[in-house]
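First comes the structure, then the notes that go with it.
For clarity, chains are labelled A, B, C, D, E and F in written order, and residue numbers in each chain start from 1.
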Amino acid sequence: MARTILPFGPQHPVLPEPLHLKLTIEDEIVVEALPTLGYVHRGLEKLCEVRDFNQMVQIVERVCGICSCLHALCYCEGIEQIMGVEVPRRAKYLRTIWGELHRVHSHLLWLGLFADAFGFESLFMQFWRVRERIMDIMEATCGNRVVVSVNVVGGVRRDLSPEQCQWIEQQLIISEKEIRQLQTTILNDYTVKKRCCGKGVLTKEQAYQLGAVGPMLRGSGWAQDARQTGYAAFGELGFEPIVEYDGDSYARCAVRFRETLQSFDIVRLAIARMPAGETAANVEGANEDDTPRIISGNRGGIMQSYNRDKHHSITAAPPPDLDIPAGSLAAKVKGKPDGEAVTRVEQPRGELMYYLKGVGSKNMDRVRIRTPTFANIPPLLAILPGCELADVPVIVLSIDPCISCTER
Amino acid sequence: MLDTLVFVTVLLPFLVAAVLLVLREQNVRKVILVATAGVLALASLAMLRGGAFIMSPAPLYDTLITLGDFVILFVVLFVGIKRKNQIIIWLSVAQIIGLIILDFFMVKEHGNIPAFFADDLSLVMVLIISIVGSLIAVYGIGYMKEHEEHLHLTKSKQPQFFFFIVLFLGAMNGLVLANNLLWMYFFWECTTLCSFMLIGHDDTEIARKNAERALWMNVLGGTAFLFGIILLQKVVGTLSLQEILARGPEFAVAGGAILVPMFLLVFAGMTKAAQAPFQSWLTGAMVAPTPVSALLHSSTMVKAGVYIIVRLAPVYAGTYFSNFVALFGAFVFLATACLAAGQSNGKKILAYSTISNLALIIACAGINTPAAITAAILLILFHAISKALMFLCVGAIEQKIGSRDIEDMRGLFAVMPRTALVAIIGIMTMMLPPFGMLMAKWMAIESAHGQFLLMIMLALGSGVTVLFWCRWAGLMLGTPVAKAKPEAQDITVRAPLYILAGLALVVSFFSPVVYNSLVAPVVKMYYKAAPYALPYGNFDSPVGIFLVYPLFLLLGLGFYFALKQARKVTAAQCSQPYMCGEQQTVDGKPGFLGPLGLHVPVQSGNYYLEQFFGETMLSKWINVIALAVLVIMLFGGAL
Amino acid sequence: MITKIILAILALVAAPLLGALITGVDRRITAWLQSRYGPPILQPIYDVLKLLGKEPMVTNTWQALCAYVYIVGAALSVVLLFTGSDLLLIFFVLTVGAVFLVMGALASPSPYSQIGGQRELLQMLAYEPLLILVFAAIAMVTGSFKVSAVFEQTRPLLYDLPLMYIVLGYALTIKLRKSPFDISASAHAHQELVRGVYTEYSGPFLAMIEIAHWYEVILVLGLCALFWSTSVVGMVVLVAVTYLAEIIVDNVTARLTWRFMLKSAVGMGLVLTLVNMLWLYAQ
Amino acid sequence: MLGNLINQGRIKSPWVVHFDCGSCNGCDIEVLACLTPIYDIERFGILNIGNPKHADVLLVTGTVNHRNKHVLKNIYDQMPGPKAVIAIGACGCSGGVFREAYNVVGGVDKVIPVDVYVPGCPARPEAIIDGVVAALEKVKTLLGMTA
Amino acid sequence: MLETIPLSLDEVVAVAKEHFDGGWRLVTMTAVDVGEAGFEIFYHYDKDLVMKHYRLSIPKETVVPSISPVYFAALLVENESRDQFGICFSDIVLDFGGHLYLEAEVRAMPFCKVSVAQKQS
Amino acid sequence: MFNMTKNVVANLFAKSSTRLYPFAVRGHFEGFRGTLHINIDECIFCRTCQIKCPSQCIAVDNKAGTWTCEAMSCVYCGVCVDVCPTSCLSMSKEHRQVATEKQTMAYQGVPKKKKKEAAE
């Protein structure tokens, strides 16, 4: 039987990102798939050795431009855990809101790209049109469309005014209506189902054994979502993961579609329950008091000695409340991180894990990022063989690959 | 004069063959072969000039023929016993008994029937056999030399090989010129025997096995032929083909009894033309050296099968039986085209495509209108030229690259540009307008118009045909090298290639002339109507029009212009192929930088659509359906 | 004869321009359907002009040859259509172009172009029988394969062959590579094959292919027009409606796989043809 | 005359190919967003063609690293002239925030000549449109066309 | 503070097998350079959102048995550690040989502290 | 299919959603982090922005009184604006214009003597 060897990527219009797959196909049936990574590898974990731990927030945001907010969130939670910082409640809710908005925009983006992967261009256009509303919300509330830079160690940098909250809710209502119009198409259209159902089936056992995470795992019937661990405000909001049971591309699509709608509800709930906090103006007031919101380790010699005294008790007890100035969105962070922490948050693509290690200097000793796509690549390699070439984009996209996450 | 010509075309090859069998000197053999080829070609042309004729040789020959019949049958029986093949034994015994009955009890007045008779159909066949066949025989000289070098034979088997090849040419000429069906039967069995011996020529395990299969299937056909003529003798009372044809219309009206012998003869033709369910012998025969495949198994011997079917078409015209022949042909056309699409072995593709085209000819015979018969005759002619060309190309390629798999012919243009070009010309003449094959196919499809079932199968079949030809032609071009060095080749190999390629183009160009002088008379003779008018040399009928010369002119001009443009491209404008940005050429082999930093040379494969065109799966169904159609045909005929 | 020559020249010159405009309108309407503003109507012409000005780049010289033969085949088939020639002949001449397009694609070692070529062959395998069947059905009604015979009809073919018109539409979707059958090459390149059969053609050679595509659009629409041969208004309306439907279908379907295409094209085509023929016999 | 028409075509029909050269996806997604209804760069005749052999403009996002630098060069080499390169985002322009990382070579201009720099992190779709327009202006001056 | 369970070199595969059979998911592995003392490799397992962390301390240039035959998913992270720290794993299912991410021109083992010192100097 | 048909036909008759940038520019949102500006007269050359900048694209020379920023490396995080003690840094709402050459923002100011220690 004649075989064709196809270099799939790194420059390929279906993959917005450089990933190279050496596909061996027979009559368009994939018999072997071998990946090459490293086209996006920058080595940014290493940058923790030359940037201080506050600057690393901006660096880890740029691990991935789609879910930047959640990277920063995960990192900050880790540092806060090491340093024993209690984040203001309102900041937790704000983190939740922005995190979920990121999930919405990421899922809409994915739904569009997925539609494009099976050649449904107009559906791609429609999803991305809706997505622009979410991008507008980001831009209006965070100051940037994609990399929002709102998280800092100890809290958040921006606040939402009541008017903004109202406006967000309006936008969400419109968006939700528009998305629901597309629901029948993406979930029930004959041609779409023809292209998704039964493609790239990952069984329940496989999903667990191969370490799948996120919608990949939930699409195979496991109700596991890192949001259940209650990071940010999820502990107070209550959360039920969305599960589908077929394990194919369609199931993963359905999970993401339903999660999008679920995230709308979470955002609404979070806005409704958000504890009253002070406006951003007050925070700036804090600035005038010469108590900068971010206290980095990069201060004078006194600070350092102070920190050296304190670092034993970092994880011992909940920190005293007085670290949080009333009405502030960010806790004062004093000292330098010393200790280890593992934190997890649920990115749009799945569970994101950070391992952080500080040794009491302004630079972190080790930042280890395990991104969801990194975990989802082994399952991808397992489900690719046996599919048709035309289904390769569908299956590759069904894990929602984020190569820049994977390689960092 | 006529005597001489018939002698030259029929008997001379037998004599030359005998000489070749004992001759062991290479160069003398070469001279004799080339001379024989020349004489044959000239004789056939002279015969064409002479036109239709009837001839009875001395009665002595009748006796010789009868003797020859028995000799062949006993040889077959001997083979059957030696190989312990029950089928062959029983079939040859049946034939011996049948022949005894026929020869000694039924046919009393030997010699009353003219032995030879020729009309334009026969003459077209003689032309094909004598010109195309001779070219192949010449090609055989260079081919066999290299072939035996490959096999490292201690003792050359060429005398035996050329004995059968040249013998076959005579037998084939005799077959198409025969009027007495007993004579035809003798030549028929002759070709069977030649085919058997030549398939088994290399004497490998598989060759012996396939030769045996070919033998039993053809002996089955021979048996059908014999009993066909026995019945014919019984029903009609004569074995003169000419008389049967002349009285054709009255049989057609009468129907009934005549159709059973007709069925048997047509059945014999189908086995010879390797129609389903007997296609396996022809694909098996591809183990033989390529000149054999070209000569016996594509351009001439298998044509004997369709010749008899087309020949008898006027007899069964307008019957229920004829419709079934058409249906059968169309079905096999589609089915074997699909089988061809599923192959990567070049010779197997050619084999299946041969069967497919023969089936199309049979379908035309079954449609049985003047236009259809025109199509059939033109198909026989053009197919013989183009297919012989293709076979010879594959043979030459195989000797150079050591494979007959079309996957290995990727980028052949870089290795052997001349042969590759000739092969591409061959493929183009097989499938594109304005060349003869396609024109004939156009006639076939238009003549089928109104019979929708036929139409559907022809439509699907021609789609599949384009699929497998086109990808073959395309992949030979796939080379990054801008200019390639021409390959060295023996003149006896190259000349036939060039002459055949030239013939394919020129004869296509003169297709209106061919039609006017060769086809129209015979069609008019039997069907009392000419299907096409030829305004400005274009084929015109109420049903459709085929613009031969405008197409030649415009497409030719376009091609010339394209060629001129292509010549402008310089080597500097050549870039590496698109490989998603990872392209990398190592040692002149394009490829890409793959995982682990390794260079991966390009590798592409055609689609063989195992799912749709898988040989084992499909063959089973095809055989069942074909057999069913045959059975219905028989009972339809019996009714 | 003179009229035929004039028609031929008209076909040669006007057809690609009209085809370009139709392609431009197609892109504009597609944009509207997707709630976009869309490119100028003349965009296809700009594209081709630009491509003509690009540096020629090939992987081997065969591609240049094949691109030009492709356009010759396409142009010639339009000329034949306009001069009222034989339908099957038009089809076969069209095949010449298509075959050379594929050969050019196969002439490059790039796997994308190779697979594109293979897929294009499969597309041909799907639409060719359908077209022949449509032509056969037309011949059933008119008694001849000649285009001129269609124009001698007193009532539109659509009355007799409504289902065959659907079959024709099916075949044309495949021929024009519109979604859901943009399998061998996609107009917008977000496809697993990049540009499939076009991948290795570039610059002026791609321009030739684009122009050939314009000819094909006209040919295709001309074939549709045959179904309402009795009045010019009828033709225009039929063609416009058909093309609009084609664009909408293009926008509301996902790309399907070639396996599905083969099965459905042959299956659908045969069933519709048989039903239509039975109906014709019943009449 | 034909030359003028062709130049007209060059201005009206810049087909782009996008190569993600180690970007964080932010800019990539913004490039894709340009295609969508809100921005619709097809208004300018721009098609995201995906194949360097058909493209006139190369949009590069992201930092160049040691593995993808030859890919970038390969893609650039495969574009038939005349062609332009637009570096998008801080990373594409200079290496951005990752300049000091061990596997980063730097901006796109370390490997291929860049015609237009589009700053931003990530660059807004509007900025990308500006970038293409600027590239076209540059082409216009090169062709000696008056605006 | 991160609660970790110490692990010795010869237990690595057995522990992995035990967790695999027990329905645990391998979250990832983390390698950390602890200077003179060598490397620490963490094995993070997860079951129903409960995590277990195993800490394997090894001197430099120890060959660690790969758990990729048990957990296929470990292949990427083991190759990554090979790239970044030069930790050799025996019997990786698919061994990229230190070139998962890195080209030859990048200095080997960028994450090791020694190499940092070299780079800065 | 039919659902999508409804959708696309509705689009056909509705106004297109395209913003005709650059012919029609939509207003910017409040608080968008666009181009970085410095009021060099207010700058005390304390180097806080240089130290805090995650991208390290700002270079301040307190002796010569220069403030330079590699505009092409700026990641628009706004940290420098937040930390600037004199609020001389600001971000306008327009995105930075594209350029055909790499740009560096370089400002010459008068170094303020008394704040010099603070910067260190």
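Here, contacts are C-beta pairs under 8 Å (C-beta built on N, C-alpha and C of every residue); 3 or more make two chains touch, one makes a residue touch a chain.
This one's a predicted model, so the numbers in the text were calculated from it and none came from an experiment.
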In contact with chain C and with chain E at once: which chains are those? Just list them. A, B, D
Quick one: most central chain, C-alpha centroids? C
Return the chain whose centre of C-alpha atoms lies at maximal distance from the corresponding centre of chain B. F
Does B-E or D-E have the larger number of C-beta pairs in contact? D-E
Between chain D and chain C, distance of the C-alpha-averaged centres to the nearest whole Å: 33
Euclidean distance of C-alpha centroids - chain B vs chain C, Å: 35
Can you give the whole-Å distance between the Cα centres of chain A and chain D? 28
Chain C and chain F, separation of their C-alpha mean positions in angstrom: 52
Among all residues of chain B, those touching at least two other chains are 575-576, 578-582, 595-596, 602-604, 606-607, 611
Which residues of chain F are in contact with two or more other chains? 1, 4, 8, 16-18, 20, 54-55, 75-77
Quick check: what residues of chain D touch more than one other chain, meaning two or more? 19, 36-38, 40, 43, 48-53, 67, 71, 75, 78, 96-97, 100, 102-103, 121, 124
Report the complete set of touching chain pairs. A-B, A-C, A-D, A-E, A-F, B-C, B-D, B-E, C-D, C-F, D-E, D-F
If you look only at chain D, which of its residues touch chain B in the complex? 19, 51-53, 70-72, 74-75, 77-78
As the complex stands, chain F meets chain A at residues 1, 3-4, 7-8, 17, 29-33, 51-55, 75-79, 82-83
Tell me, which parts of chain F touch chain D in their complex? 16-22, 25, 54-56, 70-77, 95-103
Chain D touches which residues of chain A in the complex? 10-13, 16-18, 38-44, 46-47, 50, 58-59, 62-66, 68, 109, 112-113, 124-126, 128-129, 131-132, 135, 145-147, 402, 404
In their shared complex, chain A is touched by residues of chain E numbered 1-2, 20, 23, 25-28, 30, 32-33, 42, 44, 48-49, 51, 53, 71-73, 75-77, 94, 99-103, 110-111, 116
